[in-house]
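Here chain A shows up in two complexes: once beside chain B, once beside chain C.
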Partner chain A sequence: MDILVSSLFAGLLIGMVLALVALGLTIIFGVMDIVNFAHGEFLMIGMYTGLLTAQATGVDPLFTLPVAGAVGFALGIICYYGFIKFVMRGPMVAQLLGTFGLMLFLRNLALLIFGSEDRSLHHGVLVGKSFELGMGIIIPATKLAAAGLSVAAFVAVWLLMNRTKVGKALTATALNPQGARYMGIPTERMNALAWGIGGGSATIAGALIVNFWSVNPFVGLLFTMIAFAIVALGGFGSVPGAFFAGLVVGLITEIPGFWDFMSYTFEFEWMMDVPMTSFKYMWVYVAYFVIMVFRPRGLFGWKQ
Partner chain B sequence: MKSWMKVGMFALAVLAVGLWMVPSGAWAQKEIKIGVIYPLTGGAAAAGRELRAGAELAAKIANSAMPDLAMPMAQNQGIKSLGGAKIKLIIKDHQGNPTLGADLAKKLILDDKVDGILGCYFSSVTKTVSAVCEQYKVPMINGSSTSPGLTERGFKWFWRTTPHDRWFTKDLFEFLVGLTEGKVQGVKAVPREEINTLASACEKTEWGSHVSGLIEEFAKEYGFKLRKSLLYAAKSVDLSSEVRSLKAARPDVMLFASYTSDAILLVKTLKAQKAHPKIMWGQDAGFEKPEFRETLGDSINGILTRTVFLPKVVDIKKLAGQVNDLYKEKTGNDLGGASARAFTGLQTWVAVLEKAGSTEPQAIQAAANSIEIPGKDLVVPWKGIRFSTKGKELGQNVLGSGLIGQYQKGKDGKMELEIVYPFDVSSADMIFPFPEF
Partner chain C sequence: MGENILQLEAIKVRYSGLPVLHDISLHVDSGETVCVVGSNGAGKSTLLRAIMGTQRVFEGRVVFQGEEIQRLRTEAVVSKGIIYVPEEKMLFQPISVEENLRLGAYVLHDRGTIEKNLRFVYTLFPRLQERRFQAASTLSGGEQQMVAIGRGLMSNPTILMLDEPSLGLAPILVDEVLDTVRRLKAEGMTILLVEQNVREALDLADRGYVLQTGKIVAEGTGQELLKSDMFRSAFLGI
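This part shows the complex of A and B:
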């Protein structure tokens, strides 16, 4: 039983963090119809920002979030005005290849600056600590904190999008850029803001994740792929969809845990021998594939 | 004027003839180039630095006279039988990538014209590099790759000094059986059912997946129950579901084959998940790197690792102590399994060249096949070095042996590796069961 409950908790907690990872991607897509391949690289930069800020200043890694958020916001804006703005004038293919190039650039820049070694946090108030809920159910403190803060960040963005004037302007730009321009909305600035929010939420997610994962310059691709799956599942451009799909994907990555629960509860010898953990991300992509075939718009998608 | 020119011409001619008459070999022999391929960047960069330092130290000792050291290569400058030729290492970084390793080997052979190769730590890279060497008939000595298959391919230009994983894994099971028979210092005989269930997690390249297979094989042979054996990518940035899966199997004994960053990540995750097996054992590599100890601190108290060299060897072997001092002066760290074996690898190269008295590949091949280095000349606690020349295994050193060490916190608060196997050279009482994190 403890295996099942532990896996459920682990899946939901990581799901909340993954939802935040996908949030930035879905906002940028929703507002500008552009798929950002460099999304995972933003997150990787967030991981390095969190790690290095904590190491350089000695503050707890959890307090580095504002720094990471600011770096991500600035990076998003710079990328927009310095690069994306020009790429947008070209055809769809140019936009795809453009962000793909941005991904390669950021990754290799990180490789140049930080080297290819894995780095991880070893000190912090919560690092290595965990709560025991009884019955052998253990929840790592860093994951719980990361999940909580992810939800908080998620709610903040949702409020921004739905309860403020700026959010309305963003939505208007997403629905009909030309119409929005006629109404006096500075769509150019809204696009930049979308990139800023997208970048900031990715780097904040990165600074949370670095509390329990290690980082190297190549880590971004995994997150880009997972974020794609989440966004596809939740629906391109849908914020609540991203949250819901994040939880689903979090649980999907825990399929090996559920498998173990079955095999050791019922002592199925053949099940014990299946190397499920090696396939933990495979199920995410299977879900991605299935949703693409049967409901390309995603569960909550509204953009056709 | 004319006679002055004549004298000049004559002198020039004499000089030219003189130069031509000096055997060309004598000029070339001033330097013997050994290509050294190690992982200097990437997840195993820490190990790479150690390996490099070990090989460089051996080259330094071979190139200079240090009569205090009781080893043949320290007695004179360079290779005596080659007119005092010096060893020059050309060091390359394979980044843990077998394809890159093979390319580097080709470059070393064709462009740098090396006389031989040393490397590559990663069994997967050693596999491809040795294949290139075999193709070009360039001798390669391997000091630290332990996948058994490497010497089972019938290669004629490949020699391995380190014992391989089959021996090490057998050592582990001998140790477990010894534990149930009360042979371990400081531990009463443990009932078999207390340590009967095993679970293993190994990285999934050439080395780890072989270890995983061997654990399975020996578990069957020795009658232990293997409840879970999983493979993971050494480059993983998260191993929490792997650790949960290991825990789910509720094993008494957890076994690992991991490189550096993944070993640290594994133990960190095991700690966060409060795993409490009775025994934790690592198949060397990441588990005995200085980084492992520095990063994880006290939480590794009680973890076992197999190795071929422990700082405690210094107490039994004077030569090891002397070389350890030189190594510490150079790097600030004690010799470890990786550095001691890299040192031994290059030392074997020097001995082979000394015996061959030539850099002709055939001469080197003949020398390697007949070499016999006594244990007293080595820093590692082996009986010596002699390569098998017939049978299923070709080029494997048959005189090597392994150790199992346990991390124990000393009175001074420092984490030391104590020898717990072989039982007759134990240096401390074993901590059993593994204390909770």
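This part shows the complex of A and C:
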């Protein structure tokens, strides 16, 4: 039983991080109706930023978050003004191919600069430490910190969106851009801001994840796909939806590990035939399809 | 009446090369209510959108308080004090009435002024106060129009441009909306009104322009226009 509770706990923790991974994607979609295929590449850049800043300065990886956030914010804004703005004038398919192109560009740029080998962090106050929470639950300190900081970042963005004037203006732009312009809201700048927030939250998530996950230039795609599933589950453009869907996806990715553990512990032949962990992301998509069939608007509905 | 606030000088507008407005000139003075009438497709909305910078002015000038504004972006036009309440209302549907109204005050920064304007809108439309926490999408057509007008009033506009505010409303509500316009006029607001209810609109306006297929074919006081032959044949079928 302990191992089940432990799996659930681990699932929730990773789910909090995944929610932050999906946040930027759902905000950019909500404000501009554009799907950013390069989202995972932003996250990958955040991972490299966290890793390299920590290695170059010797500070603890957790203190690299502001640097990663700033890099992602700037990158998002540069992508918007330099590229996305022009792509938005074209048809839907141009937008899809446009952000897809951005993904390939960033990935190959990373390959050029960093090379293809895996890199990971070996220092930091939390690396290698773990907490025992009683009931046999052992949680790596890096994951606990990543989860806590993800929630903090998530709440900060939520407050920005819901409690500040600029957040209200972003919401108005999302709901009716022309109507927003007639209120005097500079929608072009709001779009850029959405990309800034989208990029910044992805790179912060990346700098958190690099504490327990190695990075290479191809790591982005996995996170893009997970973020897509979360955004679809939670409802396109919904910020609270992304949070709860993130938890759901986190649980789904941990439960197969529990399955495998049981099958080895009790030597259930039939269970061993299906090593679930190897397919854990498949279950995310199974859940995604089930929800699409029964609740196509996602758990928390579409924007509007 | 006071000094000239808004002046259009021979503006031309085209939609993908096709001329829609030809050499339109008109002016609105401070404190005036000016009405533009014309049949469907005459170009009334296009005219207002051209003032807002949403539709490119191909030739001619738009002068607001002595300054050329035809090259400005919509947001900049709004912050100068020109407010457009579009035909389509363009409310922020899922959010509350009050949040819609507050977004109307985006260009203002003083809290006190915003609260004062909000109280003014609620005295003008008590029904909105009752429904202030309701999502805009749950309101009736008439109430939605009140939100649209109220949202426009929230920023202390120098000139308020209303595009067919009575569109799609039952006759009793049409009168209510036009009464509101009359009340704003009495408060000294400068108004540029586009209406399909020609008689009532010209009756309440100080002056009017008749727009026909992108040209101004008649202008004068409301009473003059209602009597003119041109106008009677175009609208009243007499």
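Please note the rule applied: the second predicted complex is superposed on the first by the 287 of 304 C-alpha atoms of A that agree within 3 Å, B and C clash if a C-alpha of one lies under 4 Å from a C-alpha of the other, contacts with A are read in each partner's own complex, and residues count from 1 in each chain.
Simple rule for what comes next: a residue touches a chain if its C-beta (ideal position, glycine included) is under 8 Å from a C-beta of that chain, and two chains touch if they have at least 3 such contacts.
Everything quoted here is computed from the prediction, not taken from an experiment.
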item	value
First (chain B), second (chain C), both or neither touched by A:216	first
Which of chain B and chain C A:122 touches, first, second, both or neither	first
Chain A residues touched - chain C or chain B, whichever exceeds	B
Contacts of A:55 with chain B and chain C, given as first, second, both or neither	neither
Which of chain B and chain C A:183 touches, first, second, both or neither	second
Chain A residues contacted in one complex by chain B, in the other by chain C	none
Contacting residues of chain C [partner chain A, same complex]	52, 54, 73-75, 78-79, 83-84, 86, 90-95, 99, 102-104, 106-107, 151, 155
Residues of chain A defined as touching chain B within the complex	3, 6-7, 10, 115-118, 120, 122, 128-130, 132, 138, 140, 142, 212-216, 218-219, 222, 253-254, 256-257, 260-261, 264, 272, 275-278, 280
In the complex, chain A residues that touch chain C	165, 168-169, 171-172, 175-176, 178-187, 303-304
Parts of chain B lying in touch with chain A, wherever the complex brings them together	41-43, 45, 95, 204, 227-228, 230-232, 235, 237-238, 240-242, 244-245, 247-250, 261, 264-265, 268, 271-274, 295, 299
